[in-house]
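Given below, in the form of structure tokens, are the structures.
Both complexes below contain subunit A, partnered by subunit B and then by subunit C.
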Partner chain A sequence: MVFDFQNHIVHHMQNSYYWQLPFLPPVALPAPLTLHALMVIFAFFFLLILFCFFYKKNLPVPTGITNLLEAVVVFVRDDIAITSLGEKDGRRMTPLFCTFFFFILTLNVLGLIPLFATATSNVNVTGALAMVTFSFMVFGAIYKNGFKAFLRVLVPSGVPFPVLFLVVPLEFMGLFIRTFALMIRLFANMLGGHITIAVLIGLGVLFFGVITVPVVALVLMIYLIEVLIAFIQAYVFTLLSAMIIGQTYHPDH
Partner chain B sequence: MTNETVHEVAGQAHEQIAFMSPENTLVLLTWAVFFGLLIILNKFAWKPILAGLDQREEAIRQSVEKAEQIQREYEQLNQKRQQILDESYAQAKEIVAEARKGAQNAARVIEEKTKEETQIMIENAQREIQATVQRAREDLRKESVDLAIQLAGKLIEKNLDEKDHQKLVDDLVRKI
Partner chain C sequence: MNKKQLPNLTDLSLGLNVAAGFFVFTLIGYFIDQKRGEGHLGILLGMAIGLAYGGYEIWKLIRRQ
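Coming up: the complex of A and B.
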């Protein structure tokens, strides 16, 4: 039987109605639940449990996991939200960016645990998250500054009139392009790492017929890089969301 | 894992969803979960955490200010203490000096007084000695006269009557 290399990789990346467990037949998920949807739900409960049971609010001196979570929240508040949106808006929108960061990070890390899948390697999930950013970028800015003020995002001040014919469509397209880039960046990064691992395993099997130690070592290194990427991509998505929301909230800056 | 088993496992999942195909349910679920998390965590996590952090930052700021204030007060107190200590040393020095001066004066007075008293006592003693000597001389003289009379009586072997006796004594005394 010939090893179907392409099918092996694509299968690993695809969303499915089954949850593949070792030594067991694939578990059929009840419709319309899919594997990635299941991961999203896992992330939901994981975060709820983490913050409602493991985070101790009333510790005078936070230690352990409470300290870790607080450090991340402070980082998101000070280095992402306040840096991009200013003191007042930054503080007000910190919950949104904290949710972005922890949700994406949980989905990314879930994908690195054996038996689980990476929901952020599904374009629908990243697209949905990018659309949240887009809605804040457009509707949030209109709600905050009014429609007239929002138009200044599209019509930058100090630009000569003829140039506006070029700038306005570009700025308008920019809103969508930035959202699209946000979606593709996270999706492609998470997918890329997994494809690399799948390709390396596949190549090992293709050439040697079995999984060999050097291949495992190589895969392990890629895996470790993926752990790093899981954090970096959660940070990047949150930071860029904050930046592009900040640009429309404060068009003069 | 052999070539065949990998293929086998890959083939087991029959119903795959086409790669990058739109999945409305997943999009809606992501939104629902995201906004659900945003609302729930905002109430139970983000707000309390951020409020707690602000509170702690404020408490730390206040503690630092208080510590600085205490440090300043301590330095002031220390300065004051040093000042009081210096003053006390100076006062003690002054008191000791005064006491020494007083003692020296007292000693001088006592010495003078003692000298005076001694002088008086010496003078008294000298006067007494002189008086005693005078008295002794007179006694001696009287004794000598009596002795002389007795000797003279024996020498002349004549008993004089009281009248003559007295006359003789007076004469002798006058002569002596």
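Coming up: the complex of A and C.
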């Protein structure tokens, strides 16, 4: 049997209406549901169960999973939300950033488990997450400060008046571009890592023999780096969201 | 992590912001050309504005430092 290298890589990356399971025929998913959408639903239920049943809020001294989750929540609150938005707004926005962090982390890690897929390697998923950030960046800032104050975001201080005709449109487009960059960063990082792994495994299968052993070792190393990247990308998305929301919430700083 | 370290982390995103700006403006120029149905003025203007946006992002970073 000839190994179809290209199809192997493309199939591993792309969204599908089938869920491939070993030794079983592909499971057809109900019509509007795709594999990545299924992973999003898995992540939703996983987080729901984790925080509803395993997180014990009333413990006098948090232990086990409660302790672990609290440490992460406190980190997101103190080092991301409050640092970017200040004490009052930071505390108010912490649930959003915690949701971002845990949701992206779960989706990233879910993709590293065999048989599951990485929903964050789908640009629609990262685009939807970036749109939430954009909504808070624009509509949240208008709601908080009013429309007039929001316009101050587009006018940087200390710039001569004639230059403003060039700078204001660029700042306006910058709102969209930063959101776009946020979307692409997460998508490209997750997709890139998986392509690397898929290509190397494909090479190992294609040139099956002595070369397979070092290739598998290399894949294992990249896989471990992918675990690190899953955490880093969840952190980076949350941090940059907090920073760009903070810039529109407090345009003077 | 203190407040001073945060801007340094976000400055790392400069590269992608510049690239995304160039891409978005060029894409807008491309669509304008498609709509007009002739010439390449839109795409060239889009690239120029994209480069200007990249320069502006770098200028903002230098100003912050």
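To be clear about the criterion, the second predicted complex is superposed on the first by the 246 of 253 C-alpha atoms of A that agree within 3 Å, B and C clash if a C-alpha of one lies under 4 Å from a C-alpha of the other, contacts with A are read in each partner's own complex, and residues count from 1 in each chain.
To be clear about the criterion, contacts are C-beta pairs under 8 Å (C-beta built on N, C-alpha and C of every residue); 3 or more make two chains touch, one makes a residue touch a chain.
Please read all numbers here as calculations on a predicted model, not as lab measurements.
Q: With the two complexes overlaid on their shared chain, look at subunit A and say whether subunit B and subunit C clash or fit.
A: Fit.
Q: Counting only touches as set out at the top, which of subunit B and subunit C does A:F46 meet: first, second, both, neither?
A: Neither subunit B nor subunit C is touched by A:F46.
Q: Treating the CA centre of subunit A as the corner point, state the angle out to subunit B and subunit C, nearest 10°.
A: Reported to the nearest 10, the angle reads 120 degrees.
Q: Which partner chains sit in contact with A:L239 here, subunit B, subunit C, both or neither? Use first/second/both/neither.
A: In the superposition, A:L239 touches subunit C alone.
Q: Which partner, once the models are overlaid, touches more of subunit A's residues, subunit C or subunit B?
A: Between subunit B and subunit C, B touches the greater number of residues in subunit A.
Q: Of the two partner chains, subunit B (first) and subunit C (second), which one does A:F116 touch, if any: first, second, both, or neither?
A: After superposition on chain A, A:F116 lies in contact with neither partner.
Q: First (subunit B), second (subunit C), both or neither: which does A:F231 touch?
A: Once the two structures are laid over each other on A, A:F231 reaches no partner at all.
Q: Taking the superposition on A as described, I'd like to know which of subunit B and subunit C A:M13 touches: first, second, both or neither.
A: It touches subunit B, and subunit C stays clear.
Q: Looking at the overlay, what does A:Y223 touch: subunit B (first), subunit C (second), both, or neither?
A: neither
Q: Nearest approach of subunit B to subunit C by C-alpha atoms in the superposition, in Å, rounded to an integer.
A: Superposition on chain A places subunit B and subunit C at a least C-alpha distance of 16 Å.
Q: What is the shared patch of subunit A, the residues that subunit B and subunit C both contact?
A: none
Q: Under the touch definition given earlier, write down the residues of subunit C that touch subunit A in their complex.
A: Residue positions touching the partner: 1-3, 6, 9-10, 13, 16-17, 19-21, 23-25, 49, 52-53, 56-57, 60.
Q: Within their complex, state which residues of subunit A touch subunit C.
A: Touching subunit C: residues 79, 83-84, 156, 166-167, 170, 173-174, 176-178, 180-181, 184-185, 239-240, 243 of subunit A.
Q: In their shared complex, at which residues does subunit A touch subunit B?
A: 1, 3-4, 7-8, 10-11, 13-18, 20, 25-26, 32, 34, 36-37, 40-41, 43-44, 47-48, 51-52, 55, 57, 69-70, 73-74, 77, 91, 94-96, 98-99, 102-103, 119, 122-125, 127-129, 131-132, 202, 205-206, 209-211
Q: Mind pulling up the subunit B residues that touch subunit A in the complex?
A: Against subunit A, subunit B makes touches at 1-4, 6-7, 9-10, 12-20, 22-23, 25-31, 33-38, 40-42, 44-50, 52-53.
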